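Shared between the two complexes below is chain A, which has chain B as its partner in the first and chain C in the second.
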Partner chain A sequence: MAEVSSLHKPTANRAPRLRWDARPWLLCGPGAVFFLVMLGVPLVMTVVLSLYGFSYTEGLIETRTLASYREALVDPYFHEIFLRTYALGVGVTLICVVLGAPEAYVISKLRPPWRTICLLAALGPLLVSVIVRTLGWVLLLGNHGLVTEALRFVGLTDRSLMYTHTGMVIALVHVFVPFMVISVWAALKKVDPATEQAALSLGASKFTMLRRVVLPQVLPGILSGSLIVFALTASAFATPAIIGERRLKVAATAIYDEYLSTSNWPLGAALAMILLVLNALVIFAYNRLVERRYRKTLGEA
Partner chain B sequence: MYRNLDRNGPLALVFNALFLLFLLAPLVVVILVSLTPEGYLSYPTNGVSLRWFRAILDNPQFIDAFYNSAVLAVLSASLATLIAVPAALAVARYRFKGRDALTTLFLSPLMIPQIVLGVAFLRFFTQLGVSGTFASLVAAHVIVVVPYTLRLVLASVVGLDREAERAAISLGASPWTSFRRVTLPMILPGVTGGWMLALIMSFDELTMTVFVASPGNTTLPVQMYNYIDQSVDPLIASVSAVIILITIAFMLLIDRLFGLDKVLTGKG
Partner chain C sequence: MSYLSLAGLSKRYGDFTAVEDFTLDIEQGEFVSLLGPSGCGKTTTLSMIAGFTTPTSGRIEMAGTELSRVPANKRGIGIVFQSYALFPHMTVSENVRFGLDMRRIKGTECTQRVADALELVRMGGFAKRYPRELSGGQRQRVALARALVIRPPLLLLDEPLSNLDAKLREEMQSELRQIQQRVGTTTIMVTHDQSEALSMSDRVVVMRDGRMVQVADPLQTYESPIDAFVSGFVGKTNLLEGRLVADQAGRTMLHLGELRLEIDAASRAAPVSVSLRPEKLRLVPIGQGRLSARVVGRQFAGAAWHYRVETGLGELMVNAPNLGAPSHANGERVDVDWPLAAMHLLDTEPRPLDPANAAGAPDHG
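And then the complex of A and B:
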């Protein structure tokens, strides 16, 4: 029957159907099953948990209710937290672009021994535990930290930057800027130095050459680096938890507190789901935007 | 004019110096504070002392956590490699329905915030009645590190010349022998690089692990986070200094073997 009906469909000039091959499934089947179970089941369980009720006297109530989502979406307390989270994401990303992209370019222009040394110094911190790097900022920004003493000496401020937005931004930029450097570095490796040479020999100033020749070629690196930095900042936990503490909560620290301090698991689960969906939406929208932009520039050219 | 093209101007060099100062200052400060002879947070202005490194030995909670983290990292990186190598071979060599979906599935832990993975695993393990066990930590870490290993192994499988394998098969080698004697040696740099990156990612993981670790089965980052939450003293600086030194050694090794930038961009 199947063969007969397929004869009548206008698929005659399509490539012949591939015979089903078991080999790829044997190779990745076990891993795929493990991933499906370990990711799918826990996420579904968390959605179910987020729909449970909660009261401080009785704890978990096994019902179906959107109360936790209502609380998370209506309460101005959580508005402030999500606003802070995404504002930090945008701010940290912009600073990482401004610092990380030029740094990658400068490193690429260094002479051989220094190029390797500076690249290692710029990327190496990525491998050092986030908690260690954040501790470094606690020591620098604390009451008797070097940065605080320096600011006091210059007379800029006599308050330490611990528990401030500025302090969080500084530490988060430090944690994530190597991702921007590596992204732009990877894009720079594909740039043909001859194009720079051509621009200069045709009389372009160095600035025009950077803006009109180098920047367009590394833009994909900047864009993908930005997405990585933004997504990581918006879900960062350790740095905001230590530098901002409970005074300046972000989404991740708020989720942590709902789980481990207040024990309001349904609310924590609802906040986690909202963070997951918001992040996914941003990534999706960003990819669409970038794709459309690229199609447009390609169409013009 | 052309000579200047591949050279940086003075402004660029100053920028480079300031940038690296910004990146390295926190690490240098941690090491300096760890060398203080005083009993409180201070720089070693009155001589250098290793007393806070000796103090680590009197704090078994850090030693135990370090040991846990090391075993966890080796186990999860190895299991991740066992999943990633066959998956990379399947994805790179066969055109089959669901191929893109499988790749997305294996890379998806990169897209999910780690805090979300943490709460999801906590619920899952609690419902299964295995929460806080070492095995559950390993399972959770495997999920988090597979994407890193897979990207590097994929990069090395994709660029592979298959003539040698065809020759091995036509000369009568079994698929397994051809994999072991021909394919594996060729993709070994990518596999080892992926394994080492997974090792570091597992060893450093905090956000997800903070939910699934238990007081009996904790990791070094979790132990350190809980310690810093209470107080910051030279002891935590000396523990951090040890981690910095181990990481530097590891980083130099990775760079020597594969090139750090290639491992980090997933182009092993």
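And then the complex of A and C:
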């Protein structure tokens, strides 16, 4: 009897179910509020701030003007900074691909205890604060640092790598290569090891097997890893600030200086918005490209 | 001189012996199955032939060439993997072409051979598809085409049908066998499925704990299993404990419980196991059989009834073809009957494999 009555109940229950259901909103509410308050509000404030006027005598002027954007986009000084930022982004990304992808592959081929140990060693740097790691590089690259002394001893150079592009690239690659390793590692997990054996059995050399069978399968991982590394490098602050200092400014350190040294907040805000838009453009364009290429063959990229 | 000769092939990992002294001669065009439970060493054996695992000792000789030190990519052996291992980023025709590309076969010959191989496995219309757009059975066919397009001297199949559902598996069994016979490629298949091994092979090698237990053609494997392990692993069987006794007239009598059966065997007094296949037993009216029994369970399998009957010798499995007649009910009293020839005597002690049996030419009886 109970079963029969329960069969009829849904009809009675259906009416309230058609009403607006608050539960999904309540569930994602706290996250959405947090996101809005912590990211949305400062972003809007930055946009508003970037439209203020500024003069060295009066400071902030409450008008609405695009003067800061004009300055940021026209001044060759900022061109150089943005060019340096994106050149660093591309260079660091490429080096991370060259180092990180083979590293992930080699680690994935190790025997069980060593595989975990080496993976942890590769990802270990992430456990140390970026500042601490960069200060470590200062110790190595400084005028009397180990690397500098070694290079001097070999006779390659007598100058320290501090305040150079090379030094900055070395430190940034060290900081970001674990993200490439993780990303390629995840892609390798999806590769059927039998496909490598299949390639060998069909007569492929080890190199051909890697190039034609393994690489195409982990390419989505390499591409998403590049995206992460590029975005992180283009917006990196701590490492360029410590290794490059004022001599080699990048976008993030330039923004910092506009805010805190020059006190030209509208210009700092305008630079920040330009950096954000450029980064977003690069990332979206890249993502579109990657997704279109791989949706058909490998499923989700 | 046989085509493929495996001599004393062994693989040890530290203290663990994966394969011990695998010795087998295979004729050109022959289809041999390695059958055994998981961990019996069959896959390791296949991997050594393929060149992915280096044998600890032993020789692999194909058409007179020693192979065991030749790297996998120089052996030219066609392999179909359990997971099919199709290249997911290549279309079906690119997958099949891969081996030809490696051999620098180009142009019309390449196109023609790819088309022929796909036609052979009836996948001609799928050349432009990607593997993930294919069903399991279709991927299986493409994997076979990719392995055969290089015209390998030897084809290795690693559990090729285990990822297919039951009905498709049966279809593919006969199709795979037909293709193999048409192409004539010497083939070694690894499987844990006894029906697959029996239905497809010229010879079956039953393996256990890294060792070969029996090498025989399918019928012989099924009808004359060498020991209790083989008879239990290859098909279902009723194992009965008995004794051979020579009587005063010089006849050999098999004592099975109360039963005294005269059999044609070497006269010796010894305990024996008797293997009786369930389908060789018949349930007959009381008084017409060898053994009285009571039906204690039955299962309908469409083409047959599977009975369990309680007898003086213990519980027996009996399979009766479904001829449309009413079946025996649970609790019904019946007699069990079987032809004397249906009994297969096994040694109670496992017997080491007779080397002559393994090395000799196959008996296509």
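In this text, the second predicted complex is superposed on the first by the 273 of 301 C-alpha atoms of A that agree within 3 Å, B and C clash if a C-alpha of one lies under 4 Å from a C-alpha of the other, contacts with A are read in each partner's own complex, and residues count from 1 in each chain.
As a working rule, a contact is a pair of C-beta atoms (placed from the backbone, for glycine too) under 8 Å apart; a residue touches a chain by one contact, two chains touch by 3 or more.
This structure is a prediction, so every number in the text was calculated from the model and none was measured.
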Just checking: does A:L223 make contact with chain B only, chain C only, both, or neither of them? Give me first, second, both or neither.
neither
After lining up the shared chain so the two structures overlap, which partner does A:D192 touch, if you call chain B first and chain C second: first, second, both or neither?
second
Partner chain(s) touched by A:S235 [first = chain B, second = chain C, both, neither]
first
After the superposition on A, what does A:P178 contact: first (chain B), second (chain C), both or neither?
first
Does the superposition put A:L88 against chain B (first), chain C (second), both, or neither?
neither
For A:V169, is the partner it touches chain B (first), chain C (second), both, or none of the two (neither)?
neither
Who does A:L200 touch here: chain B (first), chain C (second), both, or neither?
both
In the overlay, answer first, second, both or neither for which of chain B and chain C A:T208 touches.
second
May I ask you to name which of chain B and chain C touches more residues of chain A?
B
Quick check on the output: what are the common chain A residues between the chain B footprint and the chain C footprint?
197, 200-201
Chain A contacts chain B in the complex at 18, 20-21, 23-25, 27-28, 30-32, 34-36, 38-39, 41-43, 45-46, 49, 99, 102-103, 106-107, 109-111, 116, 118-133, 135-140, 142, 144, 146, 174, 177-178, 182-183, 185-186, 193, 196-197, 200-201, 231, 234-238, 241-242, 251-252, 255-256, 259, 265, 268-269, 272-273, 275-276, 279-280, 283
Give every residue of chain A touching chain C within the complex, in rising order.
192, 194-195, 197-206, 208-209, 212-213, 216-217, 296-299
Which stretch or stretches of chain B touch chain A in the complex?
1-2, 5-8, 12-13, 15-16, 19-20, 22-27, 29-30, 33, 41, 83-84, 86-87, 89-91, 93-96, 99, 102, 105-106, 108-109, 111-117, 119-124, 127, 139-140, 142-143, 146, 200, 203-204, 206-207, 210-211, 221, 224-225, 228-229, 232, 236-237, 240, 243-244, 247-248, 250-252, 255, 260-261, 264-265, 267
Sort out for me which residues of chain C touch chain A in the complex.
50-52, 71-79, 81-83, 85-90, 98-99, 102-103, 130, 132, 146-147, 150
